[in-house]
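Consider the two complexes below, in which chain A is the common component and chain B and chain C are the respective partners.
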Partner chain A sequence: MYEAIAFYLLAAVVAGSAFGCVIATNIVRMALCLLGTLGGVALLYFLMAANFLGVVQLIVYAGGTLIVIVFGVMLTSRAAGVRLRPKRSEALAGTLICIGLLAGLVTLLVRTAWPAAQSEAQAYDVAWLGNELLSTYLVPFEMVSVLLLAVMIGAAFLAQPSGKDKEPEER
Partner chain B sequence: MAEFTTEDALRSRWSAAARPRAVRWFSGLGVVFVLGAAALGLLATRLTGMSYAVALAVAVVLLLTGGSCLGAAVVVQYPRAVGRLLQRLGLPLFLLAVAAIIVVAWAPVLLWPDKPLIVRDVLAVVGAVGFVSLFASFAIWWERKVAGRIQSRLGPMRVGGWHGWAQSIADGLKLFQKEDILPGGGDAVLFRMAAYVTFVPALSLFIALPFSAAWVGRDLDVGLLLIVALFGLGVIGVLLGGWASNNKWSMYGAMREACQVISYEIPLGFSLLIPIMVAGTLRLTTIGELQAGGFWTWLAFRNPFTLIAALTFLIATLASCKRAPFDLPEAESELVAGYMTEYSGFRWALFMFAEYAEMFAAGALTAILFFGAWHSPLPAAWGAAWATGPLWQQALHGVVFSGPLWLIFKGIFFVYVQIWLRWTLPRIRLDQVMHACVQFMLPVTMVVLLAQTFWQLLVPAGSVLAVALNLACTVLGALVALGIASIAVYGLRYRRRLVGTLVVDHLPGS
Partner chain C sequence: MLAIGLTHYLVLAAFLFCCGLYVMATKRNAVGILIGAELVLNAAGINLVAFSRYETGLADGQIAALFIIVLAAAEAAIAIAIFVNYYRLLGTIDPDAGDRLRG
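Coming up: the complex of A and B.
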């Protein structure tokens, strides 16, 4: 029963912050709401005894939110008090995508056969997880790392100053 | 000069209209909370099992909150009387509070280990809050004393009597009474929230931080990772606070913080990987128990690479705790405390508490990962008989061989190191901070990581090379410890020559 109470509380936090993220017009507030959603999802993972997943969610998305805020501040600081409102066409496209996504998720939820709940949630051992990642699931794991490497190289290439506006060497 | 006393330090800042309102609110809330706690306590006697535990836990939290509210009402209404009381009875009251927190927080955990987990958890949380508040008050006073002595000043001397020991308590009570200022053009919601976003992660990491193999809120198998994650979360509060202040200096401070923390998380992570590789686990209690066999088995002294990793970890934690020489986000001489400029009163206190809680956590983490965790330099095997003997032998074992006291001592020592560095090193420029990270810390930690990998693959544990290098590192560490101790003794011996004339009269033994 207490797990159910905790679940509904956390679910309310997740859904509420997600909604807040959509209706907020200020990019830093949006980022904070995003943090609430992602942190709430991390807490849901903790509730389901998936400790490793929860911690990784916190590490990855806390850093990600930080970047969002930094970029938000850097990109919007020129125009003070700028309010982000979607155009009508953007809102329409967003609604269509969301309806499609919702339909897909609901179909998935309805069609899946949910096995009966285990008596006690078992925490997965991190060592086991690591071994599995580097043996059974080695190929997907390595593919993801190559993808991340490509992203890093791409980011470094984009950030590289082009020949014309290269800054003078600092001495 | 007129005697400056605790009363003066506590003098209230409330306006005539605001004071009665504050007193009404505090006392009303306090009475409601205490009554609620009493009702829940009565209800709990009729319940059994899990519901009993939950009701009791909530009642304890309500009682503590209500008590704090009533205390706040008394302080706001009678600051002078409280000041006088603190001056007269301060030290015994303070020691009594320390003892009460220890008893309330930890005794039930040790005496009734079979109680429901939620009771244990609530008590661990109360213990963590109590420890953080006590430690932050102590560390702030201590930092001011150390800073004073390093600059041939006295530091706080008057409040409470002996060497101004009650300064932090008086400051805390005063901050509590101050007006909560919101910057006009800022974002009020984010401004209010930023203090909590900083404070809550810094506090919650104490749930996973073991004080000894048994004294730990939750012994998670991802404990280390969780602590690192919560370290990273605090930055968001700083960034929000700086942005919501609507002040370019605060914004500069916040951006510097983000820049610095993101860069130094990488060498921090690489340095963390070394003890994880040696121990083969992320569980902090296992890493700690690995170092039970005397100070030559401490992870920092295993081989040269772990020693270098310990140093890089120490430097990286300096950067992530925004301590000098990496205190650019605060930079009081150029940014006027950076992201904290616009904060006052209680919210400012929350930022300070978070900073000192993080400093202790960083020091404790350094101790757990590299410097023998909760073990004394003696091998734990020598005291094995005491560990299971009668209660007095167990207590003695806790003091001599291994126990939470050792971890707290080591944590405070590393906080002391951070304080030294802050008051002796100059602040470096932001580009120098980034260069130090990218061109020095990152390559060093990467090479050390690679070298440690090959070391584990190629050098067997008992081989001559491993033993010789272990011995060499231990001797080096012992020499450094001896050097620090002899400098301290030298300083004590020639203290009259080293400090200013004002300080001489107040030195111990004069």
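Coming up: the complex of A and C.
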């Protein structure tokens, strides 16, 4: 009962702020709506007994990725109000495709009979997840580590001032 | 209606996915497209965790969702670096402005 109330409340928050992203014409408002979606999804993770994942979602996604996006907005918006209204034909085509896809997906999902539902939520603690990560999932874990290193170097390289701006100072 | 099951989560994720798809397809700001990609990745995360909670009962889905969060952070960092360069080069953030293939 309480689970249902919590789910519908959180689903309303997540879906509402995702729809806010769709209709917003201001990039700052879009980022704000994304914050609502990310927080709602983190709480949904808590509801599904994935506690560690919810915490990580809050810290890394809402705390880190969103900050990076907001920095990007600040660095790339010259005027305060950058309009991002799509062309009418584009908006119409996108709406038709997305509504069609959503209708198809929902029909499919509702009609499918999913086998063997687990009624009890199984909560895994952090120690268990850590053991799994360093034994069964060791290879993807290491690959992600290398990827993060590559991303760090690549982002620093891409974002440095270009050669033309720097040369006169060095000579 | 009161018993929350797998289908509820999957339908919510489908809605989130479609919103992200629309945002990616129509927004005129490259950062907006990145925000759409984040919505799609979140939909995938909800799906994975819901399947692990209601179907398998194993932690596979949670670990896959963990990797998704890491990859999304990496993707955002690289994308923002590219957008800053793009803005410096073209003076705008409209993705349609960068259609020149000659350097």
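Simple rule for what comes next: the second predicted complex is superposed on the first by the 119 of 171 C-alpha atoms of A that agree within 3 Å, B and C clash if a C-alpha of one lies under 4 Å from a C-alpha of the other, contacts with A are read in each partner's own complex, and residues count from 1 in each chain.
One rule holds for everything that comes next: contacts are C-beta pairs under 8 Å (C-beta built on N, C-alpha and C of every residue); 3 or more make two chains touch, one makes a residue touch a chain.
Please read these numbers as outputs of a predicted model, since none were measured by experiment.
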item	value
Chain B versus chain C as contact partner of A:14, first or second or both or neither	second
Partner chain(s) touched by A:69 [first = chain B, second = chain C, both, neither]	both
Touched partner set for A:58, first chain B, second chain C, both or neither	first
First, second, both or neither for A:98, with chain B first and chain C second	second
Contacts of A:29 with chain B and chain C, given as first, second, both or neither	first
First (chain B), second (chain C), both or neither touched by A:139	neither
Contacts of A:151 with chain B and chain C, given as first, second, both or neither	second
First (chain B), second (chain C), both or neither touched by A:126	first
Which partner reaches more residues of chain A (counting touched residues only), chain B or chain C	C
Touching both chain B and chain C, residues of chain A	52, 56, 65, 69, 73, 77
Of chain B, residues touching chain A in the complex	50, 54, 187, 189-190, 193, 197, 220-222, 225-226, 228-230, 232-233, 235-236, 239-240, 243-244, 251, 255, 258, 262, 265, 280-282, 431
Of chain A, residues touching chain C in the complex	1, 3-4, 7, 11, 14-15, 18-19, 21-22, 27, 30-31, 34, 37-38, 41, 44-45, 48-50, 52-53, 56-57, 60-61, 64-65, 68-69, 71-73, 75-78, 82-86, 90-91, 94-95, 97-99, 101-102, 105-106, 109-110, 112, 114-118, 121-122, 124, 128-129, 132-133, 137, 140, 144, 147-148, 151-152, 154-155, 158-159, 162
Sites on chain A touched by chain B in the complex	2, 26, 28-29, 32, 35, 51-52, 55-56, 58-59, 62-63, 65-67, 69-70, 73, 77, 123, 125-127, 170
In the complex, chain C residues that touch chain A	1-12, 14-23, 25-32, 34-36, 38-39, 42, 45-46, 49-50, 52-57, 59, 62-63, 65-67, 69-74, 76-85, 87-88, 91, 93
